[in-house]
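Shown below is the structure under consideration.
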Amino acid sequence: MEKAISVVGGDLRIVKLVEMLIADGYTVYTYGLEYSEDLLKLEGVEMCPTLKDAVTDSRAVVGPIPLSSDRKNLSMPFSHVKLSLEEFIECLDGKTLIAGNITEPIRNILDSKSVVYIDLLKREEFSVLNTISTAEGTIQIAMEETQRTVHGRNVLIMGFGRIGKVLSKMLSGIGAKVYCEARKDEDLAWIKAYGYEPIHLNDLDKNLSKFDIIINTIPFQILDNKRLDLLKKDIVIIDLASNPGGVDRKSAKEKNLKLIWALSLPGKVAPVTSAEFIKETIYHALKEMH
Amino acid sequence: MEKAISVVGGDLRIVKLVEMLIADGYTVYTYGLEYSEDLLKLEGVEMCPTLKDAVTDSRAVVGPIPLSSDRKNLSMPFSHVKLSLEEFIECLDGKTLIAGNITEPIRNILDSKSVVYIDLLKREEFSVLNTISTAEGTIQIAMEETQRTVHGRNVLIMGFGRIGKVLSKMLSGIGAKVYCEARKDEDLAWIKAYGYEPIHLNDLDKNLSKFDIIINTIPFQILDNKRLDLLKKDIVIIDLASNPGGVDRKSAKEKNLKLIWALSLPGKVAPVTSAEFIKETIYHALKEMH
Amino acid sequence: MEKAISVVGGDLRIVKLVEMLIADGYTVYTYGLEYSEDLLKLEGVEMCPTLKDAVTDSRAVVGPIPLSSDRKNLSMPFSHVKLSLEEFIECLDGKTLIAGNITEPIRNILDSKSVVYIDLLKREEFSVLNTISTAEGTIQIAMEETQRTVHGRNVLIMGFGRIGKVLSKMLSGIGAKVYCEARKDEDLAWIKAYGYEPIHLNDLDKNLSKFDIIINTIPFQILDNKRLDLLKKDIVIIDLASNPGGVDRKSAKEKNLKLIWALSLPGKVAPVTSAEFIKETIYHALKEMH
Amino acid sequence: MEKAISVVGGDLRIVKLVEMLIADGYTVYTYGLEYSEDLLKLEGVEMCPTLKDAVTDSRAVVGPIPLSSDRKNLSMPFSHVKLSLEEFIECLDGKTLIAGNITEPIRNILDSKSVVYIDLLKREEFSVLNTISTAEGTIQIAMEETQRTVHGRNVLIMGFGRIGKVLSKMLSGIGAKVYCEARKDEDLAWIKAYGYEPIHLNDLDKNLSKFDIIINTIPFQILDNKRLDLLKKDIVIIDLASNPGGVDRKSAKEKNLKLIWALSLPGKVAPVTSAEFIKETIYHALKEMH
């Protein structure tokens, strides 16, 4: 049972993960990935006909990230089968489940069955690594959506959390003039220490007219109807914040402003790198358990 | 006649240039741009029915970059008219022609007619500015064509000329590990001074297997059939060198290697920025003449 | 009483702070700074003969950073007077004390007398700003203490906290090859995201022989006698950790290794910048109180 | 005679070079370095009693950089002997001389005696490598001579030649705000491409008041009496240009401005790195001759 792992469901990142696990010497049992052409061509993978077959011979079971997108069934875009969360959990007795966004009701069931679980999206390490892909994907979008170079542009990043930190470094690295907006003195001190132009939220309005590109990372509507009026007409706004985002979408549309709402970039722009990050995090998490 | 300028033919960059010249207070007479929707909507532009009308009231005439792509007619993608080089030159008596790639036969005719001319593509300033767009466009391609982040990748730049210098800075700025290949000790010293990993052409072969992305800027076939065998199977090669390029294309195809031949990036990825650079260069060139 | 502030004791940074406060329009009353030649030449400062005179007309009193270095008297290097903490606190009724490192016994007395106090060294903002000076001072030391350029050297930073983050950016910015040691997966992820070479503590020993310069920020003895044997003979070690530091000093001396223990750099290498940071932090702290 | 080399005279860099040549397996014969304590302790070096002994058994003779500082005798700071250039050249028949700044009269004599010579200071490679040390030494001076951090300062670099290019990258890398002054459109384009703030010489005067630090690399007096009046009173000027430099020294002194004239930095701030660069250049030069 050493060096065996089960993989159930998941998207392209999980497919790439399977390839890497095999390259690292694991025996990998899969279920719910039967439509992946990459896997069909891959030597050494054990694609199992039933869930039970797939999980029998390993202790660790990797599930989708996120585990479910409808709160009922497992995320299995590479399968025609529907697998309910209940049915899935049934098979996990005594095993370790590794997946993303394991919600509280599910956690309660897992606890009651003594299934150990690791939520990748709760591991700071994984979040940090993912900012690399998110930042790079954002820059790619900025390049694609403008008729000018990003180099030389005035770019505002709203929020100086994980993504803000990595994104500002990269943008500055390709020659953009980077401004970062924050509210907390501590964050503004970091922005200064890293060498970007700090802008306190209170001073945002009087600066808004100078930006060519704005990237929002704050899950709170800062760019409201009134502030949108202060922007350049040819602004490009990229909103990375999850629902409801940081921009008044309706107003932006009415004002004919270019707004791109970009979510889940890591899996889209760099699935292989994402798979590497998943793999690293899994290895570290499993190591901690021993 | 102060602050008047004529623009004849040209691509999207030239259209954007017209917009900028008008914004700067010029009266702009155009010919051969009648299919540009941007211009049709633009207030203040004088779209003339004949070439003669277009050039009568200004001393400086801006032509396409390059002037011609078939050595016979002017490059006029936004027009259904064909305008021969001869006919065009006929109208330039006593004027200053500003265009790109003015070939020797044309230069001889211009000299004989005492037409002053400025070849933008021969101005070092313009070439340097264009490297900004070329470098950024190359990075955009690298991001689009790989399933991994460029961050963290081993990237080889072959040649340390203008493009190599700007590209290495940007790539390093987004977190790639940058290696630069050169032959001359002087170039290798620069690579070291700028903090990239220098690789002498003589040491290229033994290093080739480690690169994830290779960007060629040398107009000479370095990546021949034999060297292509030394590359990673999932390499991405971007060739920026003009015909015949630096890669054995046929072999690359046979070996199923991903090769992108990317020419004329500035106009494609950042036409507005290109127009700005054209404008700046024209202003400087005209200033020098006074 | 608007725009009046008292300053009692303190070092060169506090002297510079007085200059800046006056330039900002404050009336500044000082005590315990009578030996500062800078202040003697400065117009507009109110140097008071007694502590009482100095604190009467303002609500905010700025004290030394740290408040005391012997736990008994105020830090007053620019005075021949000794002022005990008790005597000082006596005069603070109803005022706001701003100083550094206000110890618990002092805090208890202040609380009992309803004196509001702000410990600058406990404000994250101030700590972050100070890392700028610390990082730059460290680089200055590295340049002075080596016969080689820092550019091109293999530099190890031990610990990826505040100082590690800013220092790695600057060192990389002048062309050093930066390695960062950490224990936590999260920190190692940040190191990777920022583009430096991560080294897990477990892998430290096998890497130690390649470094030219080591900078320690961890207040725990990592570089013990055994590890010191693994270093290059001409290593330069800069220890930024406060007592007892991160290096076995005795062993380092016996082995004839170059070790610089560098504490309190901000005040030494950049007193004016430090004063600016003190000023900014005071302004923000006072604003919060209203 | 394979792997033998002679070293005659020279400063600390040459002493370090001898150490490196021996470490590389060369037999090294020296003359005129007898006062160097480093060499006295070094095993394997052949310190010869006469010049003739020192040059008999090798083909390549390394001399001082520069060869002479008084145009009469060899530069031999580590010797009490005076050795005239004539006497030295006498012994070089059939040999290759490698030294710095070989003046025309000397070159003529060498030619007449068929001595091959390599002037290191004429090799672009060596000049480029030396900019690394010069740039870093300049930053060290800037750190030492100011009471503020270089981070966050407005720094003007006058001239965008070799030193300007490397210095701007490093200064920007530690967080300075970098402005570069130039005259040529081409240089200004490079400044923009690299992401610094370009300032045309014509616009210099109106910008001068904003700089905290000015570094001059132009061997022509730009900062004349009139311009010095436009500077901040606490400016720090570092002049890297050789005699007469780029600053009106007399006026600067009268106006009490801080001016540091910093020449020959590589040998002073990083003698070992300089020796490495000398070694590399010698190896490349000798290789070319075969």
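Letters are used for the chains, namely A, B, C and D, taken in the order the chains are written, and counting of residues starts over at 1 for each.
Note that in this section a contact is a pair of C-beta atoms (placed from the backbone, for glycine too) under 8 Å apart; a residue touches a chain by one contact, two chains touch by 3 or more.
Not measured: the values here are computed from a predicted model.
Peer 1: What chains do subunit B and subunit C have as common neighbours?
Peer 2: Looking at subunit C and subunit B together, the chains touching each of them are A, D.
Peer 1: So subunit C and subunit D: same face meeting same face, with over half the numbers shared, or different?
Peer 2: Looking at both copies, the contact residues mostly coincide.
Peer 1: So which chain is farthest from subunit B, going by the mean of the CA atoms in each chain?
Peer 2: C
Peer 1: Averaging over Cα atoms per chain, report the distance between subunit A and subunit D in Å.
Peer 2: Chain centres of subunit A and subunit D, defined by C-alpha means, are spaced 51 Å apart.
Peer 1: Per the centroid of Cα atoms for each chain, what is the distance between subunit A and subunit C, given in Å?
Peer 2: 37
Peer 1: Going through subunit A residue by residue, note those that touch at least 2 other chains and give them in order.
Peer 2: Only 132, 151-152, 169, 175, 192-193, 195 qualify.
Peer 1: Under the definition above, what is the set of subunit A residues touching subunit D in their complex?
Peer 2: 151-152, 175, 192-193, 195
Peer 1: Using the touch definition up top, name the residues of subunit D that touch subunit B in the complex.
Peer 2: My answer: residues 123-126, 128-129, 131-132, 166, 169, 185-186, 188-190, 192-195, 281, 284.
Peer 1: Quick one: which bits of subunit C touch subunit D in the complex? Just the residue numbers, please.
Peer 2: Listed in rising order, the residues are 16, 132-133, 135-137, 139-140, 143-144, 146-152, 169-170, 172-175, 269-273, 276.
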